[in-house]
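Below is one structure, written out as structure tokens, with a few remarks after it.
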Amino acid sequence: MNLDSTLQPVLATAAEHAADVDAEGRFPAESVSALASSGLLGLTVGEEDGGLGGGPEQFAHVSSALAAVCGSTAMIYIMHVCGTMTALAAPPSGLPSLPSDLAAGRTLATLAFSEPGSRSHFWAPVSQAKRDGGGEVEFTADKSWVTSAGHAGLYVTSVLSADEPGGIDLFAVTGTEPGVSVTGAFRGLGLRGNESAPMRFELTAPDDRRIGQAGGGFGMMTDTVMPWFNLGNAAVSLGLARASFDAAVRHTGGATFQHLDQTLADLPTIRARLARMSLQLEAAGAYLHKTAASIAAPDETTPLHVLGVKALANDTALTVTEDAMRVCGGAAFSNHLAIERYFRDARAGSVMAPTADALYDFYGKAITGRPVFG
Amino acid sequence: MNLDSTLQPVLATAAEHAADVDAEGRFPAESVSALASSGLLGLTVGEEDGGLGGGPEQFAHVSSALAAVCGSTAMIYIMHVCGTMTALAAPPSGLPSLPSDLAAGRTLATLAFSEPGSRSHFWAPVSQAKRDGGGEVEFTADKSWVTSAGHAGLYVTSVLSADEPGGIDLFAVTGTEPGVSVTGAFRGLGLRGNESAPMRFELTAPDDRRIGQAGGGFGMMTDTVMPWFNLGNAAVSLGLARASFDAAVRHTGGATFQHLDQTLADLPTIRARLARMSLQLEAAGAYLHKTAASIAAPDETTPLHVLGVKALANDTALTVTEDAMRVCGGAAFSNHLAIERYFRDARAGSVMAPTADALYDFYGKAITGRPVFG
Amino acid sequence: MNLDSTLQPVLATAAEHAADVDAEGRFPAESVSALASSGLLGLTVGEEDGGLGGGPEQFAHVSSALAAVCGSTAMIYIMHVCGTMTALAAPPSGLPSLPSDLAAGRTLATLAFSEPGSRSHFWAPVSQAKRDGGGEVEFTADKSWVTSAGHAGLYVTSVLSADEPGGIDLFAVTGTEPGVSVTGAFRGLGLRGNESAPMRFELTAPDDRRIGQAGGGFGMMTDTVMPWFNLGNAAVSLGLARASFDAAVRHTGGATFQHLDQTLADLPTIRARLARMSLQLEAAGAYLHKTAASIAAPDETTPLHVLGVKALANDTALTVTEDAMRVCGGAAFSNHLAIERYFRDARAGSVMAPTADALYDFYGKAITGRPVFG
Amino acid sequence: MNLDSTLQPVLATAAEHAADVDAEGRFPAESVSALASSGLLGLTVGEEDGGLGGGPEQFAHVSSALAAVCGSTAMIYIMHVCGTMTALAAPPSGLPSLPSDLAAGRTLATLAFSEPGSRSHFWAPVSQAKRDGGGEVEFTADKSWVTSAGHAGLYVTSVLSADEPGGIDLFAVTGTEPGVSVTGAFRGLGLRGNESAPMRFELTAPDDRRIGQAGGGFGMMTDTVMPWFNLGNAAVSLGLARASFDAAVRHTGGATFQHLDQTLADLPTIRARLARMSLQLEAAGAYLHKTAASIAAPDETTPLHVLGVKALANDTALTVTEDAMRVCGGAAFSNHLAIERYFRDARAGSVMAPTADALYDFYGKAITGRPVFG
């Protein structure tokens, strides 16, 4: 597989619709369709299941590249990969065609974790599942922000386990089941096309829809969801930041003060800022690669890198996109460049749980020898 | 005059419409109307001309208070005051009722300075006026961002003087003259209601419309426009920042992690950030007051404070509103609080010329003994 | 009293010895002597007690001015004023001549609060006083950092009260009593002349040496010590920062790149940095004045300003002195300018308890409605 | 070669003397001796010349490791490697045993570039060489900061070429020649043991002492000196920063508030700061590795990384060591931990030319398509 040539038509499609997706806050159906056709929805699925057999490095590369043209498409993509990798870690026997559907891109996956009650602590659902009389499990779970809400075919949904007190269960919920509904709309500062909306899951689920064993949800969150999500989210942040930097270099090199016969890039203060932006991107990018390699071949340092990479990339993206706005001034502010969109989209990465600040807390506990989730 | 009771109904009106003005990007007609009725459009006009006789301190207070409810209204207001104070510094004899119209709020004023060719260097028009045969002056001036475009009754318009080579003339142009047209629309990150749009002024103007003497425009920009504009813009920045801080304190004190029985403000990292935000606001606010007092009773330090106050307040607002977004996380991002609007509006202050970075350059020249506009 | 002419000879003396005091880490006896002769040791003592009757504004002014020539002298000075104002808030009857001795500068005062066990939490002594048989109080208190150790005539010393469980007592201990000893030496990054050293107070003290009522120590710390200490410490920080800025402006204006016929201040990046430094100083300075005025005429906002002013000034000094080092490069690093000393001295302000970070925590609790010392 | 076991005794020796070297500002003779014995002075010399044949990665590793125990030794080491690699790039025929002496560590090398007239622009000597009658070259060059002044056996010395107008010549000057003298002493904030002092080179030199061709000095500076120096200097910065971070983790985990039964690391604000420090180190470290690999196998991006790596590492070290001071408070300030020394030493890296700010300027020119040294 030549990843870049596979990506090429997807990027072209995403680029074509990105401005419109943002302006109207609509789901980027064309880009998601192009992703499905390209095979990239199955990028990280093993070849034995019909996927492309790519690893963390390839995933990060694709996520960054998508973000540089359409942040919403990129975020939909990483949530799909997270949902996919979680489901495939312990495929529920009740959905036998799921692996091949995910690999082929026939099913778009996502996660339904966060709840209003526990806010950004996505790992702590407050919705309680119960055993009904007939051996099935019942729950009503209100989820606050579900990416691809109403568009996904698979929702990996968390609830407090009916069987293991204090434990969490993950269920594979399809988009067509009764009891699955989008309960609100989302209008945020950025990533306006990823259809991140509140949903309700009011379900009776057989055990063969559970992913992994009873009470095993938290372990899957930390071992499977977190590495793929944090890496992908970091890659999206850096893709957005890189795109804003590239646009800023182009603009400052071209924008002329007619009365002085000078461009913005002729100003030493502007160039110094661009230099710092570039170096922050280089450094965070180098750490992203290190983390991806570590996830691909885990050792005892991997969990720390998984915690750190999102926080670092999120904050780098906040700084770099703010600086891109600054050096381009009114031109960036007034939307003549795509910088303003990258700037807004980048702010989503940071607030998506685990937030950068939550990650600093976890990371700080880890390096000072404390229990991370204590 | 009790300023706060005069302000009260204006703030109520502005608050009522602010969200809508932002969402639709429409001119806040209701708020501007309320400002006119209140007498505050004439706040800084001398009592002898029918105004309220307020000074820089009162102006800053009103501008900040307006910004805390509707940034667009606040920016329209400060541009009105700048246009008004410039016109009244040397009232053009051709418009004898102008002073009383401005004082009474019958005429909304604004500035038409920036041009595409000279970008953010608003003090450097490239449009050249010429004497026509009959002793009048002709010019075609394309202006890039005019606040209240199409809504103002008075546009204080800059051109390269027909009479003084290299000098600048300011003309009082009314909104109803033929040759005055709005030539584009604006859609920016923030201050979406101030109708800041490109305009063309294709005019033949008699000399009695000139404000001040031929070639005197640059002096009026530095002596009259800059003090009122920089102070007002700084006050708007701090008003926005203060409002975002207040909202963040309220939200973090109320938002509960249900599973932990804890609010965001129970987290020491959140509180430390709030503390820093507050102290930045206090410091910048104290300097704003010092600057306002200095403009009211000028001495040799006043020009330096005029340069500095906008840069400091703009950058304080960037930092504080970013932090407000951060501590409130998804709630701020997704628009449930007004913080996201303050955050976007605050970014306008910085890019309005003279930009914060241009001001650091001017200020740096001043303190190292170099010519400021050299 | 003309404060500046009173100050003039003290500043001249302090300036003469400052480099030497720093290099040798020795007590600035000449400067302290000059302070005594000038009457400034009694600056804040009421005229009825023989002092100059100055208030917080005058105190801040003198402290900043001293710091700009010799940080060690300035810190000795503010600790003297803190000790003085605490002792005079409730003069111990056992030392009847103390008020007039302090007012006249015959006695140098200081505080002995911090202990190794409670580290930077100076408000929490762990040394326990006990009643001996004869109605006196006995204690052994090891103090970690006492300014003017071995040089002061009055040590205001804290212990856990013998009478009020959990409460704190303050005792007026003279320098000549048996049982008072300097137990170590200090060699730190900066303020190397203020003789801040560990001391042991192994004493039997009569009740008439207690300052205020039994168990009243904590209240005196928050009501008397904290306002004077935080204000003075903030003033010292800003004095050091201002001096480093002034030196940086001088150096960058004079240092020439011979091959380019250019000075450092000809570089826009240098000027921009100087501009930011100046504005940070202006803002923090304006807030310092506001705080001093608030302490002089307290209202319900005063305690918050007392908490905030030290944190803001400390951090401003860290940033400004680091920037002064940066713009002056090797010249500053290698000690040809006094900037390197200001830089080191400024780092003392921040670590003196209550540290800037402790203050952010207190301040953050206050603004979110939590008990500050809870 | 097992690099770490080779390093081990050198690190032990350097650690033993580091505090003393710093306190007395003396040359770390013991450590340099240990370096010579270990063979590491020849680390980057090809095996054919008797060296260890190591590359940029190994060099960076050794430099960081040395810095973590003794910054002065580390800086002496990297200047030795820079002098060595420059001399060996075009070995002067007049000193036939130089390559083997350098490889074996019998000769300690250094650079003598910076001059008072051109300040930090080390690439621009103002000392002019001239041809004397007999075909030799004469010059008097005053150099401002020469590391290992008076201790080195080889000074690679720059002058304006006698033969190529405007060009630069590099000469291999041995320490024992008449006319080589140390003309001053150095007492700076940090790296107090590297004996960085002004020197005068008043010489008549035969052509066979020139390194490379006439006028070729500038090219050797950019192609050979800059990659090795910037990489090594960056490695030293990160070594110091890493050591300060490690010490801060240890201290905050151990320092107890006795009255609260709490350590510093129990405070979330402290942990969050440690987390950020760690991630900055990780990111800069990852970029350092990328740069070292790029120097080892150069492509068109290598020059940019060479410019960037020192600036990034220097600024990372400024921030991380300042934060280490902050989280450790008085304990770090008062020298009980080595953090205070790392903090001071780290500030040397930034001011050594090319300074971080000069590098941002070069880098900014490069990424905006301008001539870097134009």
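A few comments on the model shown:
Which chain is which? They are A, B, C and D, in the order written, and residues in each are numbered from 1.
The rule we apply is simple: a residue touches a chain if its C-beta (ideal position, glycine included) is under 8 Å from a C-beta of that chain, and two chains touch if they have at least 3 such contacts.
Since this is a predicted model, take the numbers as computed values, not measurements.
Set side by side, the interfaces B-D and C-D show unequal numbers of C-beta pairs in contact, with more at C-D. The chain with its CA mean position farthest from that of chain B is D.
Computed from the mean C-alpha positions, the centre of chain C lies at a distance of 39 Å from the centre of chain D.
Remark: chain B and chain D have CA centroids separated by 51 Å (rounded to whole angstrom). Among the residues of chain D, those touching two or more other chains are numbered 268-270, 272, 357, 360-361. By the touch rule above, chain A contacts chain B in their complex via residues 117-121, 124, 126, 144-145, 186-190, 255-260, 269-270, 318, 322, 325-326, 329-330, 332-335, 340, 343-344, 347-348, 350-353, 355-357, 360-361.
Across the complex, chain C meets chain A through its residues 267-269, 272.
Against chain C, in their complex, chain B makes its touches with residues 249, 252-253, 265, 268, 270-276, 278-279, 282-284, 286-287, 289-290, 305, 308, 311-312, 357, 359-361, 363-365, 367-370.
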